[in-house]
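Pasting the structures in now, so scroll down.
In the two complexes below, chain A is the common chain; its partner is chain B in one and chain C in the other.
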Partner chain A sequence: MNTEAIKDLLYRMADDALIIGHRNSEWTGIGPMLEEDLAFSSMSQDKIGHAQALYNILYTSFGEKNPDVLAFQRAEKDFRSCQLVELPIGEYDFSLVRHFLFDHAEALRYSLLEASSFAPIAGLARKVRGEIRYHVMHADTFFKQLSTGSEVAKARMQSALNYALPFALGIFEPSAYEEALIAEGIFAGEARLQELWLQKITPLVAAAGLQMPAMDTAKAVYGGRKGYHSEYLQPLLAEMTEVTSIDPSAEW
Partner chain B sequence: MYGNTSLTAEEAKIVNSTVEDPEKLAEFEARITRGEKIEPGDWMPDQYRKQLIRMIEQHAHSEIVGALPEGTWITRAPNFRRKLALIAKVQDEVGHGQLLYSAAETLGKTREQMLMDLLSGKSKYSNVFNYPANTWADIAVIGFLVDGAAIVNQVINSKGSYGPYCRALERICYEESFHLKQGHDNFVYLATGTKVQRDMLQEALNRWYRPLLHFFGPSDRDSQHSEKLMKWKVKLASNDDMRNQFLDQYVPKILELGLTLPDPELRRGDDGIWVFGDPDWDEFKRVISGDGPCNAERLEVRRYSELAHRWVREALMNPKEKYVTPLA
Partner chain C sequence: MQGTSTITTADIWAALESVKDPEIPVLSVVDMGIVTAVSHQEGSDAATVTMTPTFVGCPAIDMMKKDIYHAVKNLGLASVEVLVDMDTVWSSDRMSADAKARLEKFGIAPPPVADGELTAEMLDRVRCPHCGSTDTTLRSTFGSTLCRAIRFCFSCKQGFEQFKPL
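Entry: the complex of A and B
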């Protein structure tokens, strides 16, 4: 099997999960209502748990460093997360639209991976299916309710969608290993995933009464998968490692 | 997490002087003496309802404001284990708020009204959350000692007379016992760690010692009592009794780890009563009346959360539905 290809895929997924989990956890205590605080907290725990599980596959199957080192001690340029997950939480409209766009991609990615020839990732995909299903249900419910709830909310959701979509397309930035992943039955590839994703979200956006931004002119924000990040990732990582850097020799 | 409720002289006077239907009152008090729980639809004295709303509401506010100092450390927690535990813990606190607002709603005040009263300053929350969490060690002190103090108070209150509040507290105490474990684990890690970690913890402990003494409210000598609230099992133990129970349980655990407390007068008397130096009750009064290190910041964050997201709540509201007071 193409080890480098699998490792690259695992890093992308783990870094996405860690960073979106980090961002979603910022809603703890300040959500628009207590129920949403609780929902975002739950989802962030799940995502951070997925990141830990993915880093753990890198650790046990490929001899990479342990999950804590991979998450808390890597340089910014080594992260493979897409820029969508790095963006600040902004207002609730943006966080919710990002959650909708990201989690549909995530759900489809894991469902493709259930058939992966790389057993550890197929096993994990089956394990997290239940959790991700709830994330998508939450996203769909609020996406629709807010988009149809009032004129103000609808306008906000449309703006957030217009802003977030090019970043969401960055989720599917192709890697150098697409052909190998597909040929070896590890993963169906980013292009296929993007196609499935568009098929999935387009009718949902329409049902919510919003306009899908024009796909032929939308410009995907690439770079994250190759280590070129937005200006928001470095401060996020600095914050994440603030405590450990006080005394790196200590156990925390 | 919550401290304790105290009455002003004027409030105590109102509670003690309000006249109720004597027959109904006698039956109500007999039920409480028999150990029965009072449920939402039951007859209850006006002052019983008012004081319970005030107390449960303050408790609920304390949970959601209490989520803020710890919440700011979620993104800085040093590894997967601590990060996941802290998110879950803070999430529990917000969940306690949700549970308690529902319990208070059964008495006839809506969550929206309670939150507005929090923002206007009409309704209070536990004073201890007006202090900052400056370092990761503060999170250990809060998780172990502030939660520990809150458990003392909440276990006692769960034996009260109002059914929905007691049931909420039982569940809260169950979850809090896990918080205490994670707080204790973090506390012990730092106390037995490197010199940098031990120093951090000692400094945090020095900062939190006074707010922890203040946690249970003013000394019994200086606070207003209401025999009625005791008889109605709204208030179940005096401030000094609870504080003493806390010191008895926790001071030995702190000293055992080689840490110190910044109070040369602190000692356990032969009668089992702890003696401590003056914790500066003037500061307590100052902070409770709004002039503490974080009062403005805490309310500002809550105000942002409430006002900036009004559009979300409005969009979710169904205009055909009418508000109904929940039953339990």
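Entry: the complex of A and C
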């Protein structure tokens, strides 16, 4: 098997999960209502757990560094997360739209990976299916509820969608290994995932009464998958690693 | 070279029954379906216990791993290994009927049979563990721990927690 291809895929997924998990945990304590505070906190905990499981596959199957080192002691340029996940939480409309766009892509990615020829990722994909279903259910419920609320709510959701969509398309930035991943039955590829994602979210956006931004003019924000990030990732990493960097060798 | 011991595989399972889920102290790791395998040859003084987390990010996993290790080691075995298996799909259906009854008595509504699916009906008509009424509603699919949801009972006007079907 093409180990470089699998490693690249695992880093993308793990880094996405870690960074979105850290970002959304910023809602803890300040959520717009108690239930939403709990939801974002719980989903963040799930995502960070998924990141840990993915880093652990890198550690055990490919001899990469241990999960704590991978999460807390890498340079910004080594992160393979898309730029969507590093954007600040902003207002609640943006966080909710990002959650909707990201989690549908994540759910579909895992569902494709259930059939992967790389057994550790196929096993994990089956294991997380149930929890991710709760995330998607939450996203769909509130995406629709806010979009069909007042005119102000609808306008805010539409503008959050317009802003987030190019970044969301960056989730599917192709890697150098697309052909290998597909040929070896590891993963169906980013292009296929994007196609499935659009098929999935387009009717949901319409049902919520919003307009899907025109796909021919929406320019995907690429770069994250190659280590080029926005100005927002480094400060996030600095905050996230503040405690570990005091003494990286400390036993917890 | 493995040594010998008079400890049986049944003794190991019995010891595992004493290890409780730290978030639900009325249920053991066996009741929860968290222990997926015990590998031990009768007469041997070495054993391997395999466990799987309920939710992948469950923060109690390391604690349960340590508790399992000590409970089995304390039987007098020379070598005990506890492995965390991320392949076994944990489902709330792995909980026994008896475990679900104890969960309800503890004050947490047990999960309905999920069978790998999650439907709207499943989140409906859940029985209140305080008064037994099914006139209840889902307030939040996320609760105090990863595996719980928050519900409200219209009959006794109290909030309660439900173990999520997964």
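Convention: the second predicted complex is superposed on the first by the 250 of 252 C-alpha atoms of A that agree within 3 Å, B and C clash if a C-alpha of one lies under 4 Å from a C-alpha of the other, contacts with A are read in each partner's own complex, and residues count from 1 in each chain.
Keep in mind that, in the parts below, a residue touches a chain if its C-beta (ideal position, glycine included) is under 8 Å from a C-beta of that chain, and two chains touch if they have at least 3 such contacts.
As the structure is a prediction and not an experimental result, all values here were calculated from the model.
By the touch criterion stated above, A:Leu124 is placed in contact with chain C alone, chain B being left untouched.
Residue contacts after overlaying the shared chain place A:Leu38 against chain B and chain C alike. Put simply, more of the residues of chain A are touched by B, taking chain B and chain C as the two choices. Touch criterion met: A:Glu242 reaches chain B, while chain C stays clear of it. Residue contacts after overlaying the shared chain place A:Met137 against chain C, while chain B stays out of touching range.
Looking at the shared chain after the overlay, A:Ile48 reaches both chain B and chain C. In the superposition on chain A, contact of A:Arg109 is made with neither chain B nor chain C.
Residues 34-35, 38, 41-42, 45, 48-49, 52 of chain A lie at the contact with chain B in one complex and at the contact with chain C in the other. Residues of chain A that touch chain C in their complex: 34-35, 38-39, 41-43, 45-50, 52-53, 56, 119-120, 123-124, 126-131, 133-134, 137-138. Residues 64, 67-68, 71, 74-80, 82-84, 87-88, 90-91, 94-95, 97-98, 101, 136, 189, 193-194, 196-197, 200, 301, 304-305, 308-309, 311-317 of chain B are the ones that touch chain A when the two sit in their complex. On the side of chain A, the complex with chain B involves touching residues 22, 25-26, 28-38, 41-42, 44-45, 48-49, 52, 67-68, 71-72, 91-92, 145-146, 149-150, 152-153, 156, 236, 239-244, 246-247, 249-252. On the side of chain C, the complex with chain A involves touching residues 52-53, 55-59, 86-91, 114, 116, 118, 139-144, 146, 150, 164, 166.
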